[in-house]
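The structures come next, written out as structure tokens.
Same chain, two partners: chain A is paired with chain B first, then with chain C.
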Partner chain A sequence: MKIGIPNALFIRDKIIMYSKFLNYNNIDTVISSDTSLKTIEDGVELATSEDCIASKIFLGHVNELVNLYRNNYLDAILVPRVYKQKNNIEGCVKALALYDILNNIFRDVKFIDVNVDYSKNITYFKSLINLGITLGINSKNRFLGAFYALQEQNKFEKNRYMKQFENINFKKKNVLVIGNEYIVNDKYIKRLVISSLNNVNIIFACINNKVNRYKNISDQVYFANSINIMNGVEEYIDFADACIFITGFPCATDSLVNEMIKERINGIPYIEIMVDENTSSTGIVTRMESFSDIIEGRRYI
Partner chain B sequence: MRYYVGIDIGSISTKGVVIDENNNIVASDYIWTNASPIDASKRLINSLIKKSKKEWLENIYAIGTTGSARKLIGKIIGATSIKNEITAHAVGTISKYPDVSTIIEIGGQDSKIIIIKNSVVIDYAMNTLCAAGTGAFLSSQAKRLGIEVEQMQNYYEKSNNPAKIAARCTVFAESDMIHKAQIGYKKEDLIAGLCNAIVENYTNNFIRGRRIEDKIVFQGGVSRNNGVVESFKSKLNKDIHVDKDSHLLGALGIALIAKSESRGERISLNIKDIEYRIREKECKGCSNNCEVVYIYEDEELLDTIGNRCENCKSNI
Partner chain C sequence: MIVVSYPNIGEYERIVYNFLNKIIDNSNCKILRPEKNNKKILELGEENSPTNVCTPFKYTLGSMINSLNKGANVIIQIGGGCRFGYYAQIQEKILKKDMGYKFEFINLYNGNKLEFFTAVKKVKMLNPRLSLQKLLKEIYFTIKLLRFSDNILTYIRENECYIEDKEKLQSIKNNILNDMLKIKNISEINLKRKECEEEIDTLIVEKDDVLKIGIVGELYSLMDPFSSSFLENDLLKKGYKIKRYTTASYLLLDKNKSEKKLLKDSKQYLKYKIGADGTESVAHTLELIDEGYDGVIHIKPFGCTPEINAMPILKKISDDYSFPIMFYTFDTLNSDTGFQTRVEAFIDMLEMRKK
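Let's turn to the complex of A and B:
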């Protein structure tokens, strides 16, 4: 059996967990490739015009897997949903609709959904067990697979967290890049925005394991993505010489965070870069080049 | 005496200056780009050559380009410095107003705010996804009203009752304007409303949360419109300075940057009178999908812009 997993939106961050669980139970996984221009073009064609760039990218990734499914290379595509995370924190509501949207767009394709909802005691572990039941995996393997998958995911997150810290370079100017993980770590967007920043050290602070540092900025934060971004800011801002906030257009949750972050980082150069499917490199290059000049603080006269 | 050249190739106009060692502008010109940056640069350079003395041209030590076509023109004329327009405008303005704190810049397609502290840029913001509230917005509305954009300020002065027009979107502003005209607003009130709308749009987009401190310098093509200047003064309740050379400050800035980066070698200012062919293509050579600009000189590939690897050269 082969199952496709789209490497986009909230799934990106837990891709190790899902693939390890399936692989443990002898199910092959195919993860969609890195975002390219074609991914975005395909996504834009499938999405409604008011969708955000992140969901358009997501649809592009699913489209790649759908093509494999239609060529009998895949048996199903996994689309997990996260209703409520720990402490009843909610994710972006748009993502909740994705499974239904996909079923509506690709009516001939088999999608498997699996829910995470901490308010109903469906933790990530429980959701993997449920996924195992859906796939007909026996109870022992379900349990061992879920245990192994979560262990691997935790290991990955811990490593990433440590690497981010090790990445801080005191000999160079450190630029803190914040935003949702699926935007900031998306290779296409990353390349578009970051490639023109020269001679600086980049710290990507999109994910954070410590979940309550955001309260230093505000304890009234509603969405999980906003909390992640604020935790990132709190964690690294003291090491940063400048800060870039990359946001997808239009993102309702980011628009709430932006103003609060601006106040928190008061004093260091800060720029918000908004990307959508029409963003060309020209405009971004100008903005990033001038931002580099600001970081450098060079006088020409 | 050494001389330096700065060329600012914008979306609407192309500006150029020749400066001497003491940063004085000794020759300058301002022409329309007419959607052809290469032709505009040829005309501009020829005009600068005509306006310059032989001695100046023989002692040019650096050439800089800025503006949206900076890389293209920079490659063609062999510029020694190529820099973004934000830094160039800031440097140009600081040279004239060392105590400047805020630069308001509204050009043909973009608008920006630059915050300066102790002669160093510390913050800026630029319009991102939309060009409402820029020079292009004003020209399209002027066209609709049947007047030249340059005449707008004459109308502004006559207005006693400016119409309220939303400048969030050019199309909606047009609907507002049509509606206000239909209910009897005079042309001058509509124009005054447009000038106010530009300022309203600008303050909503850029000033949010920023402390606007003196000295404020307003530049870019729209600074030529006194209506917008007056509207800024009353909105911010501060004095606004518009330099007589405000349209040249980007070019002056890049000339000064070129001067500071000069390697001390003489360089000649000329642009060959040959046909340059430009071709833009999305390269499929790798997953970067760069938007590459290929520059051909007499059918021979001279250079490429926008590529992140060399694959595009074998993938034309």
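Let's turn to the complex of A and C:
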């Protein structure tokens, strides 16, 4: 059996967990390739015009897997759904509807859903068990697979967290890049925005919802994405000489989170870069070059 | 002297006024009723809001600025799901730090949670002698009043196309709107409800060939006439039968109870809730098709994710049932003329299909 997993949106963050669980149970996984211009073009065609760029990229990734499914290379496509997480934290509203949207766009494709909702006691562990039941995996392998997958995911997250700290270089100017993981770490967007920043050290701070440092900025936020961004700001801002907030147009929460973090970032150069499918690389390069000049210029102030 | 105000949303402002009027200490506090939403309020909100925020944020911020300019020194805001829970914190920051207003901001919610006793403490600022018993009594009364006004206005909305005597109807409506400000006890509500229903029933004249249109979408655009370019009123004036499910009493009192039913009704298209009122948009559209409605207009402010979630599903429903659905997004740069042209074209199409 072969199952496809779209490497986009919030699924990127837990892709290790889902693929390890499936692999443990002898199910092959096919993860969609890195975002390209074609991915975005495909996504734009399938999406509602007002969808955020991250959703359009997601649909492009799914489209790649759908083509494989239609050519009998895949048996199904996995579409996780995340609603309430620990401590009443909520997943992005888009994440609530992906399974139903895909089922309505691609009626001929088999999608497998896996739901996480702590308000109904469906933890990540329970969701993997439920996925195992859907796939007809026996109870022993379900449990062992879920333990193994979560262990691997935790290991991956810990390593990533440590690497972020190791990445700080005191000999260079450090530029903190914040934003939703699926935007900031998407290779296409990363290349578009970051590639023109020269002679600086980049710190990507986008994943860490396990600490409560965000409460220094706001104790009223409840979307996981906002919490991740604020935790990132709190953890790294003291090491940063400048900060870039990359946001996808028209992200509902980012428009307000931006206002909340501005004050905390006060004192160092800060720029908000909004990307969508029409973003011109020339425009971004010009802005990034000016921003680099500002960072460099501050050396002489 | 405390001058308390709150952001406006449609006619519900009257019920908030009625509630506050009963709990404040009149010797030390007065209420400044917010203006109905208008172009000036939208411009005030637009000028001072973050660029990509949704229009309800801009309307509520504009309404607060307008009240502060008129002398309010206490503003009450609530929160809730979706982005709404983030509004209060940012609006307080914009008003106090960016614009320099000096006032007390009462946010009854903590993010997406209503912590009742914390909220009570905050409300007591308006009247330190307010007892919990009195507050609970008035909350109970306000719920009844909300239910009464929503029920009766929904009944009128759904039957307005069958009423020929528009002057009489308008006077009944005006009476209800005045009652929302003045009614003092529950027995009065019950009496009024009976009176209104009887009066309306005498005006109804049965007609067969009325065009029936449902309106679904985001709650603020649905409940505040100005933010949807008076769509509902225009359609009613033209003599069409209108159905709109979303009301404040539905959102506050019935929404949680009806979730299972909504998913059951739309199980062909939905397995899960799709956020805020998106599930309602889908389930109610299916209900409208069952009830023989001729078309649906789906409205939302720009960037409303739950309603964007509902759109591909509504498009599928529209294809499956050959059922006309018009989508419209409102923003600050909205043109009334453009919107009216689209609505007129949509209605022409519905009329041709009906013939």
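Quick note on the criterion: the second predicted complex is superposed on the first by the 295 of 301 C-alpha atoms of A that agree within 3 Å, B and C clash if a C-alpha of one lies under 4 Å from a C-alpha of the other, contacts with A are read in each partner's own complex, and residues count from 1 in each chain.
The working rule: contacts are C-beta pairs under 8 Å (C-beta built on N, C-alpha and C of every residue); 3 or more make two chains touch, one makes a residue touch a chain.
Just so you know, these numbers come straight off a predicted model, no measurement behind them.
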Fit or clash between chain C and chain B when superposed on chain A: fit
Chain A as apex of chain B and chain C, Cα-centre angle in degrees (nearest 10): 80
Partner chain in contact with A:36 - chain B first, chain C second, else both or neither: first
Partner chain(s) touched by A:222 [first = chain B, second = chain C, both, neither]: second
Touched partner set for A:115, first chain B, second chain C, both or neither: second
Which superposed partner A:249 touches (first chain B, second chain C, both, neither): both
Touched partner set for A:94, first chain B, second chain C, both or neither: second
First, second, both or neither for A:259, with chain B first and chain C second: both
Which of chain B and chain C A:198 touches, first, second, both or neither: neither
Touching partner for A:104 - first (chain B), second (chain C), both, neither: second
Which of chain B and chain C A:297 touches, first, second, both or neither: first
Lowest inter-chain C-alpha distance for chain C and chain B in the superposed arrangement, angstrom: 5
Contacts on chain A seen with chain B and repeated with chain C across the two complexes: 249, 259, 263, 274
Footprint of chain C on chain A - complex, ascending: 48, 50-52, 81, 83, 88, 90, 92-94, 96-97, 99-101, 103-105, 113, 115, 218-222, 226, 249-260, 263, 274
Residue ranges of chain C touching chain A (in the complex, touch as defined): 50-54, 57, 79, 82-83, 85-90, 93-94, 97, 110-113, 269-276, 278, 302-306, 308-313, 315-316, 329
Partner chain A, residues of chain B touching it in the complex: 23, 68, 83-87, 91, 94-95, 119-126, 128-129, 209, 253, 256-257, 260, 282, 287-291, 306, 308
Touching residues (chain side chain A, partner chain B) in the complex: 34, 36-38, 187, 191, 195, 249, 259, 262-263, 269-271, 273-274, 276, 278-283, 285-287, 289-291, 293-294, 297-301
